[in-house]
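Take this structure, written in structure tokens, and hold onto it; I'll ask about it next.
When the chains are written out, they are named A, B, C and D in that same order, and each has its own residue count from 1.
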Amino acid sequence: MTKVKFALAGMGRIGKIHLENLLQMEQVEVVAVMDPMEECREYARERNISNITKTFEDLLTITPFDAVIICSPTDTHANYVELAAKAGVHVFCEKPLDLSLQRVMEVLDVVEKANIKLMLGFNRRFDKEFRKVHELVKEGAVGQPHLVKITSRDPGAPPISYIEKSGGLFLDMTIHDFDMARYVVGKEVIEVYAKGAVLIDPSIGEAGDIDTAVVTLTYEDGTMAIIDNSRKAAYGYDQRIEVFGSEGMVQANNNFMDSHRLYTNKGIQAALPLHFFLERYAAAYKTEMLDFVNSLKNGALVPVGGKDGLMSLQIGLAAIKSIKENRPVRIDEVAI
Amino acid sequence: MTKVKFALAGMGRIGKIHLENLLQMEQVEVVAVMDPMEECREYARERNISNITKTFEDLLTITPFDAVIICSPTDTHANYVELAAKAGVHVFCEKPLDLSLQRVMEVLDVVEKANIKLMLGFNRRFDKEFRKVHELVKEGAVGQPHLVKITSRDPGAPPISYIEKSGGLFLDMTIHDFDMARYVVGKEVIEVYAKGAVLIDPSIGEAGDIDTAVVTLTYEDGTMAIIDNSRKAAYGYDQRIEVFGSEGMVQANNNFMDSHRLYTNKGIQAALPLHFFLERYAAAYKTEMLDFVNSLKNGALVPVGGKDGLMSLQIGLAAIKSIKENRPVRIDEVAI
Amino acid sequence: MTKVKFALAGMGRIGKIHLENLLQMEQVEVVAVMDPMEECREYARERNISNITKTFEDLLTITPFDAVIICSPTDTHANYVELAAKAGVHVFCEKPLDLSLQRVMEVLDVVEKANIKLMLGFNRRFDKEFRKVHELVKEGAVGQPHLVKITSRDPGAPPISYIEKSGGLFLDMTIHDFDMARYVVGKEVIEVYAKGAVLIDPSIGEAGDIDTAVVTLTYEDGTMAIIDNSRKAAYGYDQRIEVFGSEGMVQANNNFMDSHRLYTNKGIQAALPLHFFLERYAAAYKTEMLDFVNSLKNGALVPVGGKDGLMSLQIGLAAIKSIKENRPVRIDEVAI
Amino acid sequence: MTKVKFALAGMGRIGKIHLENLLQMEQVEVVAVMDPMEECREYARERNISNITKTFEDLLTITPFDAVIICSPTDTHANYVELAAKAGVHVFCEKPLDLSLQRVMEVLDVVEKANIKLMLGFNRRFDKEFRKVHELVKEGAVGQPHLVKITSRDPGAPPISYIEKSGGLFLDMTIHDFDMARYVVGKEVIEVYAKGAVLIDPSIGEAGDIDTAVVTLTYEDGTMAIIDNSRKAAYGYDQRIEVFGSEGMVQANNNFMDSHRLYTNKGIQAALPLHFFLERYAAAYKTEMLDFVNSLKNGALVPVGGKDGLMSLQIGLAAIKSIKENRPVRIDEVAI
């Protein structure tokens, strides 16, 4: 069996997850890792990676590989993808490609011309819960969808320094939910109404962002979606979905630490949801990477492509415009 | 013990429920019933009610009573309440008082001058599920509320003839949810954004109404609420609520036919929710009536007053305006 | 409509429940009540019962009636049923008929000769949860039953004075579960192995009884049942059942105070089960009485007959013998 | 970091699981594998194991290692453990050590004299569900335990050829539950009453075994446990536990394929439990192996020792005697 040769750019939290998952796949060989920070390169060294560089440019020349996983900071994504594409290397890139719609379109253009595969890291599509909902909706179990409800709340807000560069709640956090809204019913969104507030931490407001939001999406056929977000759920990571349609409803729930129920004279006690995305989506990250590897090996389409990144970004930009102008905004108002 | 003397106007579905509940209370005597239809009067006769009339005017003169329950059609409510108030009789009136804000304010003015008690039939406030959520929120169990989510779906749409006179989805159905949104966190709503669609039955659209809706409410302090409605849930009556706050979240679920779980090789099967409001709110109707009787006996405030009807109506009118103009509408745009 | 005329003997806790339920049925007239205690007779007077007596003998002569509900202490049951039978009156009797197998058989003989209906108050058969399980098993939803599991725990032990006259845990408390074991799969038990302990209160042991027990039943076809009992569950009344068979399993759960779930950083909190039998089986008591009335009106068989009392008593006596001799005991070892 | 050197004997289903888990541990090096079957050795070769042998004797001489994992057939366990002990190698051995109590005691004697660590593969102790129950009981969350309930049902019976050599249901399957009964409350069992039947497949009966069983255990302090087993649950692997005590109750449930709930007019549908032990206990197998490695590295006691195997075997032998003689059997009747 010829192994697919992989490089990774960025050995942060997500980079490490992808590296570990790739190291466990027989059909894969990780040949190179790039990170500007010494401690991250050290991590790769301990995992016996042969080629380790400080820059993406060096990564591309150090040794040949078939595909690169880009987990570096968001503002490097677009350049790295372009460089990789021009080098004829397939790319798996963490979301978002870029915060600028113009830039994203340039990148997608380069990708298309280079005829490489580009997969975006919308990891939740690979979660067994959401996938089950997607499949049941697809096979008609709830009939024609009428309403989609997505709850997405983090256990705690990231540092203000992160928030300042994040593109804001909608492009940083809700963008996963925008993608989910499209994925779960397989339809495009045409209008967005967003409402936000600073209810958790005033310094988030001072940084020009919001920490709590409610977004109404309207799809092309009149189906509606509701997303609710919070940067801080006291009880941990809250990731649920519900699709209601003409024939029924399907829900997916959180994943919990364990199933115990403790009955005492004070009431019944149960365990909290898995605390954050690393725990909740551990298996999803594996499936995601496996699907990417498989699409490289068998020539299939990648399950999440550049267009998916583009569409979610447009919804996010419309949400930003909606909240500024306090009115519903059509996607075609922000699309180029 | 002196019994409180009651009359009932309107022996339809709800009127019968209230009659049966009153008949079981030791502290109450039902002395008169009014209904223009013979078969409804016959029902009262079988229950051994002494005085039975065809008109509300006759009801007020036939025999003295302390309070009247008004369950007649919506377009009679305002007149009957005024007549009762002028006769010095306390009133329990099914919602809404009237579909016209102007008319409601006239009625409330008469009620105030007559110094009688007026209670409105927002029955869900007396449901043990919603009451528990209300109490937990009130005692700070979830901290400062940030998000309220209300799901309210009927098992099937009423006849078009009913819909045509109903005032539309927002004043007929969602109005319960508007009241719930106020009740559950004890705050006033200042802005409404409503989105609706005709997804169930085109004839509902032809009648000028919608059958599916999503409403975003903003409270005075930035807290947000989301309501989702459908006239037809294939699986029955769906009445859930969730309040998310700085310290946690509380949810109330549907009530189910039974708790059985059947495990076979096809999956796990469970019973559906109680089918409609008569089943789900059977106990709430009793508690509601008991609370009204108690407020008459001990001089306490009625738990749901005329102002509650007024506020919900205003939210409903703002929702109607919002959907027409596809923009968020402030309550003060519709308030008189 | 001719009303069925009822008398009640015994106005204790259960007697009051039956009285209230009968008073709400249109097809019934309660014409007489008997109780040796003045305060209990006073209760009946307040409910406007016309004929009130101190003795069962007087009850039978004071005014004619069709049926009598016997809710007096256990040691009066056998005599009252015989007296009623000889007077040609149908009987609903709380369980047990008697603690002596010999005496029960004498009574059943009298009942048979008198050709009256005798229904026993195994109220749990009328609970919607257990009934659903019974029906699913009957229609083959779990295939051929292999295992039955019954959990039955009280929220607190009764006074020692009660326990001393109760016949012991097996005849007082488990007897409901013995009946349930027969009801839920429709088969007869042929062998019992009982294990018991005094783990809650030593004074129960001093009174010659146990407070915790595990009983294994074997049915005629090899199906097995397990019952576990405790006189004191800190979290309230625990009444569950599970039937496992060749094609699947069905479970029925407790009924809870409400469905709320409170998520905080300490975990998830939910409401306890309904506290005791009065709350849990309130609806079952109504259904039970209605079924008795219906069997009188339409001549159908009563749903729980004298034989059901006899069989449960035999299982209970075998359990007592089993625990004394620490060995499995066949029903035919105790049957007469 | 010095790596702990491991060998594995037996590359069947469980052997492969342990190999994969060891290969992912940085602190471990797998230096040798033994299996008499060529296809199993081939599996090891593909995983790049350096030393591969056909016999356990060769394994002990081929290259030095610190510990061996024994996953070969049951009838080889005792010999292999003795050989390893005499070679001064620590041992992790799949349960049971042997079906003969005499032989187990001989082996434990050799182990003790050799002063090596011996850990037994009671994998369920490492499952997060059961561990949570164990911990809550240990910290007194349910007070003094009174009742333990263990449900353990397989999705399907193994082949008759397997059953014939298995030692029977109690030593092959229930032995896990006997260990769980000891683990979950930390007390020793003194008496067993077992009841069994052939309800699934007559050929199991012809092989001298049973396929359905109910076992009552009595602990030294009067606490009681109930175990119910079936070789075939139509809905998959059923592994639940409940501990009831003076202050409350704790339950652990199955793990399910996913959390979806599908509501349609036919009812509510949910996913089945994870199908069998490989899925349900995948994480437990990892934790188990990690705990063994850690006990080797830090010199701690192994979490499940030889005595645990001995005690469970004794309970199993008592259960076999109980079913033969249809009477409760004290552990000291079978202990040597």
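Basically, a contact is a pair of C-beta atoms (placed from the backbone, for glycine too) under 8 Å apart; a residue touches a chain by one contact, two chains touch by 3 or more.
Labels paired with UniProt names: A, B, C, D = Inositol 2-dehydrogenase.
Quick caveat, the model's predicted, so the values are computed rather than measured.
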| item | value |
| --- | --- |
| Most remote chain, CA-based centroid, reference being subunit C (Inositol 2-dehydrogenase) | A |
| Pair of chains joined by more contacts [C-beta pairs], B-D or A-B | A-B |
| Computed distance of Cα centres, subunit D (Inositol 2-dehydrogenase) from subunit A (Inositol 2-dehydrogenase), in Å | 40 |
| Geometric centre distance via CA averages, subunit B (Inositol 2-dehydrogenase)-subunit A (Inositol 2-dehydrogenase), whole Å | 42 |
| Between subunit B (Inositol 2-dehydrogenase) and subunit D (Inositol 2-dehydrogenase), centroid-to-centroid distance (C-alpha), Å | 58 |
| Multi-partner residues of subunit B (Inositol 2-dehydrogenase) (at least 2 other chains) | 233-235, 247-249, 263-265, 271 |
| Touch list for subunit A (Inositol 2-dehydrogenase) against partner subunit B (Inositol 2-dehydrogenase), complex | 143-144, 146-147, 149, 151, 153, 193, 195, 197-200, 212, 214, 216, 218, 222-224, 226, 228, 230, 232-235, 238, 244, 246-249, 326-328 |
| Residues of subunit A (Inositol 2-dehydrogenase) touching subunit C (Inositol 2-dehydrogenase) in the complex | 233-236, 263-265, 267-272 |
| Subunit C (Inositol 2-dehydrogenase) residues touching subunit B (Inositol 2-dehydrogenase) - in the complex, by the definition given at the top | 24, 26, 128-129, 132-133, 136, 141-142, 247-255, 257-265, 271 |
